[in-house]
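Below is the structure I would like to discuss, written out as structure tokens.
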Amino acid sequence: MRDYYAQYVTIGIFAIVAAVLVVGTLQLSRLLRPSHPTAEKLTTYESGIDPIGAGWAQTSVRYYVYALLFVIFDVEAVFLFPWATVFESLGTQAFVEMVIFVGILALALLYAIKKRLLEWL
Amino acid sequence: MNADVVREVFFWGVGAIMVIAALRVVTTQNVVHAALYLVGTLMGAAALYVLLLAEFVAWAQVLIYVGAVVVLMLFGLMLTRAPIGKANYDNSQRPLAAVVAAVLFGVMSWILIDAFSGTELELAGENAPRTQDIGAVIFSSYVWPFEIVSVLLLAALIGAVMIARRDEPEADKEVGS
Amino acid sequence: MPIAYFLVLSSLLFCIGVYGVLARQNAVLILLSIELMLNAVNINLLAFSAHLAEAGVPGQIFALFVIAVAAAEVGVGLAIVILIFRNRQNVDVDEMSLMKW
Amino acid sequence: MFELNLSDWQILLVKLGLVLAIVPAITLVAGYAEHKVMAHLQHRLGPMYPGGFHGWATLLADGLKFIYKEDIIPAAADRKVFSLAPLAIFVPTVLTVLVLPLDETLVVEELDLGLFYLLAVSSISTIGMLMAGWSSSNKYALIGALRAAAQLIAYELPIVLSAAVAAMLAGTLSLNGIVEAQEWPFVLWPPGIGLIAFLVFFGAGVAELTRPPFDMPVAESEIITGAFTEYSGMRFIFSTFFPEVANMVIISGVATTLFLGGYQPIVPLGFLDAVPGLVWFTLKTAFMVFMLLWIRPTFPRLREDQLQKFAWKFLIPTSLVLILAAGAWVLYAPEGLK
Amino acid sequence: MDVARTEENIRLPDEVAQEVAEGRLQTEQMVLNVGPQHPATHGVFRLLATIDGEVLVDAEPVIGYMHRGYEKLVEARDYRQITNLVSRMDWLSGINNEMPLALAVETLMELEVPPRAQYLRVVLLEMNRILNHLMFFASFAAELGAITPTFYAFREREDIQAAMEMATGGRMHFGYMRPGGLKEDVPKGFFDQALFGVRQVMDRIDDYYNLIIGNEIYKQRTIGVGVLDKELAYNYGVSGPIARGSNIDFDVRKDEPYLAYADFDFEVPVGLNGDCFDRFWVLLHEVYESARIVEQAIEGMPSGPILGKVPRVIQAPEGEVYVRCENPLGELGMYLVSDGDRRPYRLKIRTPSYNNVSVLPVVLRNTFVSDMIAILGSFFFVLGDIDR
Amino acid sequence: MPVTERVVGQQALDRVTAELGSLVGDARVNFDQIDVTCTPGNLVEVVAKLREAAGIEARFFTFLSAVDRTAFGGEERPDTERGTPLEVLVHLYSPDHATHINIHVPVDQADPRCPSITSVFGGALWAERECAEMFGIDFTDHPNLTNLYLPEDFEGNPLRKAFKLPTRMVKPWPGAKDPEEAAGGGRG
């Protein structure tokens, strides 16, 4: 019998240890490394010139479309995994259900391609 | 140590983190920070799901919410201007909103405590449902909602695209180039 | 563990979300607050699912559906926000008076 | 096997110790291998001096140098997010190691939904990239972060979907279960499906690692070091070097587990069973790592739009078809063939 | 070329441009400095790029970080000193830079250059051209993300470099040309080393083809990218491999043969469309042709003196002349005005990179950020050559 | 297309003078290249015609610069052969005919002005900027006549003969003390 909680305790502890490792190493190297900040050193790198404009971010609409498509297929994947474990015992019915599901999402991808949403940039 | 005590300590710890993060989501004056605090709340929720014996939902939460929805949010934020530093994102109804939220919380928690005080959760790790159980139930009893999810996602994509796409008349003509 | 713990926590998160929806004027932040509320709902669902373990896993399945719906909601919501931003160069809901009565 | 009576906490400590010793060691070995393999592919020697024998201690020396480096956070950066980003990249990397079965029993935690856990955890680092890029307040970093995030999500799908194929053929999400369910000749069976799924997984894996030819998020000739342009010293190690090399090994390990029969012997000859599974796993993983190292000096890099098109128009449709094909195979292939 | 130049490849930027113009795609634009300290700019070259997402809306090269004022400096130096000065303009093709100066003085003074000196000059010039082109072969591939060609190219360069060093004693700035001939004769073993070097290159050029030009990703990255129109090239005075990439058959060695170039059999490779692929293709073919010229020149090497009858003090008579040579990067011209002194009265140096790079703003408009790097790399420029 | 019909020397001069007629003043052959002189007012028309004219087709923009002849042959003998000692120099080349054409454009030394030829040859964009800062010549209707090399606050026009190299004024160039050579004085 598996020990459900013990497994997750291990994972949790590993997460904490990994985080502590990063923070700890950074603290440790603080003892060793020099620290002489100067204004020039702390300037944002922009090919050796003072940055033009700052403090804001902008991106292309295309990225949003990619992310949206990703969300949709990610949801699909979440349903795919429980299905993968049981479809053999459930037989044709479950298979057809998934075919329809995947088919509809494939339509989404097709639509995106057809609307040239993946054309860049 | 008693397992129940450990669970309670865990619950309080995670719960506190979630609440603090949630409060920061609604009060911080930096949009990207708000999205990142939301990640805190979401990860906390995933931890609670694990506690509630729903490991599949917990990892689905991580996969979809943290891995996808928040990324989508961040892209959206950067598309609509996401400065480093502060700006004012609150409106003038802040006090009123606080009152409404507090009253709502009072009423809800009073009702809930009243109705469910004394009900204990039996959290037996060895009974945690497995992925197969979830799959078996979805694909036998919840087929329609499942299929509708796919239609919903398709509709969401089409809707989003209709709204945000570049208005390109020639897009429909010929794609085969 | 008392189930009330989870219920109170979830209602607290829900109300924080309500506050966010009411007090924020940036549309994306409002969407974030809505996510908080949906998460609160999920905690509730899973708490009851654990409580009613003998009924099987429907609570978990509903939580999955809620997550899926939330994803779709964010997608469309953000698309609207982006459209508004492109037309007006800002995303303050208070200034969007076009559809006010 | 011999019996040891250890309490839970002692077991946990042993696991911690092993992972904390082995993961960095493997990373150093893989990093050194990268130096050397690439050098020889390019008709040069690579590092020869540190440590004496063929420069084996080069990476240790590098690491030491990085520890001594000044830690610079640009004045314009968002300090909080800037310092948290390496954590968001490093911690998930460590967590993915936990479910990899190196041998039948040699696994930190054998999760029931190990595969799903693995995919979910590894998706967190996308946010780390965006955090690093945005908080640096640097244009190159921002462009790099956006590229990285878009690339990671686009190629996560083929990975997830082709991994689902492996899960379908095995009928379980447990990684040990998937290994056990595979039979010789692992990836070649079922015909077509297994091999293509493996190639999709491996190709998308190269992209997930942001290595050439998919390295535009860190393309130094275009955007310096992408999201990590402003990172220095140990922060840089934790956010780029370590995750890149470790993930290279991890992806190879996962590919081995899902498609190459994991810790099973390469050929089903009885006497090979005597060789420990760990050896087989290591051999197979090393082979996969070598393939990854070989790709790097061979190809130029793609352009961002070509990369996205490759994922959305080729890899993802292919893996969708694969899923249906695998389903049909499992359900309808004659019993004798399976 | 077996890759179809699809509509898609060529149309896309225009389409984007139109959308940007109409404000449909407009997100906020940001101004990005590429250079002066950037890995892709070969020295201190700065590109002021206005980008929208990943599209370059506008690009303005900013030069002058290395301006040394050669045109003023030469007015205070005698011709022998200037030889060493101009050698440092395009530091990848030192001896080629010295050539037009010697030619200009020879033209004004009407000096006879002995045939052996002419042949030796050709050998050195063409070996230097191979050195230069291999360097750009390496750097262009590196900018596209392929790291291996760098090492291959440097391996080949080394053999030729050794021959150059035998003759001149230098590796970059040779200072070997003299008005009327060469500084001295080449040492024993030079011809063997030179032949070994160029034959090595000729043998391995197939490898380069397989590794780079035959690579599908490489084709995707370069075909149809950064198209330089033929008329545009003429208008901006673009010359060298870049002009030839744009389907312009323009090579001073053929059009106005100087030295002994008329004696040799070689081809002028010409591209089709003027995209990055064509420029690079031309570059690699020129390596081969130069290697052929070196072989022929060594085989037909006459004997005799290497310096003509030159007065002890070089004083060009009064007059002015424009003299040009085919430098590795294009037409290097010198307009020499002499008033009879030991120093030039005015020496206008027309460097190839200067004109080639001046067309960049037009070519770069409405490209992707990644393409910008490919285009910059395919414009084969040396900063010293632009800034002088 | 390589050189189709080689037109140099006298033949080229005939074609150029036939095409330009009175637009140019002095025209002659110099080392097989054509030297023509024209006024600033005619420059744009001259280059446009040379570019389009059949049989010449000087489409290739080689360079644009200037020469300051005020110290030609020593301070005492300024070369004013073409009217003023300061001239803009445009070199065009015909890729089809291998014809070189040097266009000398004398400009007023006190207030040097010259129309921009950027409307005909885009390559002049940088060349005119450089020429403007180095010689102080104002190219009217140039779209962006800012400094190309020099800092914005730089004073003087380095390539004018009046601009002495400061170091050379303090200490003459050692090259002048070449042992092989006794004659010749410092001028630069």
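Things worth noting here:
For reference, chains read A, B, C, D, E and F in written order, and residue numbers begin at 1 within each chain.
We adopt the following convention: a residue touches a chain if its C-beta (ideal position, glycine included) is under 8 Å from a C-beta of that chain, and two chains touch if they have at least 3 such contacts.
Since we're looking at a predicted model, the values are computed, not measured.
Contact with both chain E and chain F is made by no chain of the assembly.
Comparing the centres of all chains, each the average of its CA atoms, the largest separation from chain B belongs to F.
Across the assembly, the chain pair joined by the most C-beta contact pairs is B-C. Across the assembly, the mean Cα position most removed from that of chain A is the one of F. Between chain B and chain E, the centres computed from C-alpha atoms are 59 Å apart. Per-chain CA centroids place chain D at a distance of 43 Å from chain E.
Chain B and chain F have Cα centroids separated by 72 Å.
Contact of a single residue of chain C with at least two other chains is seen at positions 64, 67-68, 71-72, 74-75, 78-79, 82. For chain A, the set of residues that touch two or more other chains comprises 2, 6, 46, 51, 54-64, 67-72, 74-75, 77-79, 81, 84-85, 87, 105, 112-113, 119-121. In chain E, the residues that touch at least two other chains are 8, 25, 27-28, 30, 32, 38, 54, 368. Considering their complex, residues 1-3, 30-31, 33, 59-63, 65, 67-69, 71-74, 79, 89, 91, 95, 98, 100, 102, 121-123, 125-127, 134, 147-150, 158-159, 163, 165, 168, 173, 175, 178, 180-181, 184, 186-188 of chain F touch chain E.
Of all the residues in chain D, the ones that touch chain A in their complex are 8, 12, 15-16, 19-20, 67-77, 86-87, 90-91, 94-95, 98, 108-113, 115-116, 119, 134, 136-140, 142, 146, 149-150, 153-154, 156-157, 160-161, 164, 167-168, 171-173, 224, 229-230, 233-235, 238, 304-305, 308-309, 312-313, 316-317, 320, 323-324, 327-328, 330-331.
Chain contact summary for the complex, chain B toward chain A: residues 3, 47, 50, 53, 55-56, 60, 63-64, 67-69, 71-72, 75-76, 78-79, 81-85, 125-126, 128, 131-132, 134-136, 138-140, 143, 146-147, 149-151, 153-154, 156-158, 160-161, 164-166, 168, 171-172, 175. Those residues of chain B whose C-beta lies close enough to touch chain D in the complex are 30, 32-33, 36, 39, 55-56, 59-60, 62-63, 66-68, 70-71, 74-75, 78, 82, 84-85, 130-131. Considering their complex, residues 1-6, 8, 12, 54-61, 63-65, 67-72, 74-79, 81-87, 89-90, 93-94, 97, 100-101, 104-105, 107-108, 111-117 of chain A touch chain B.
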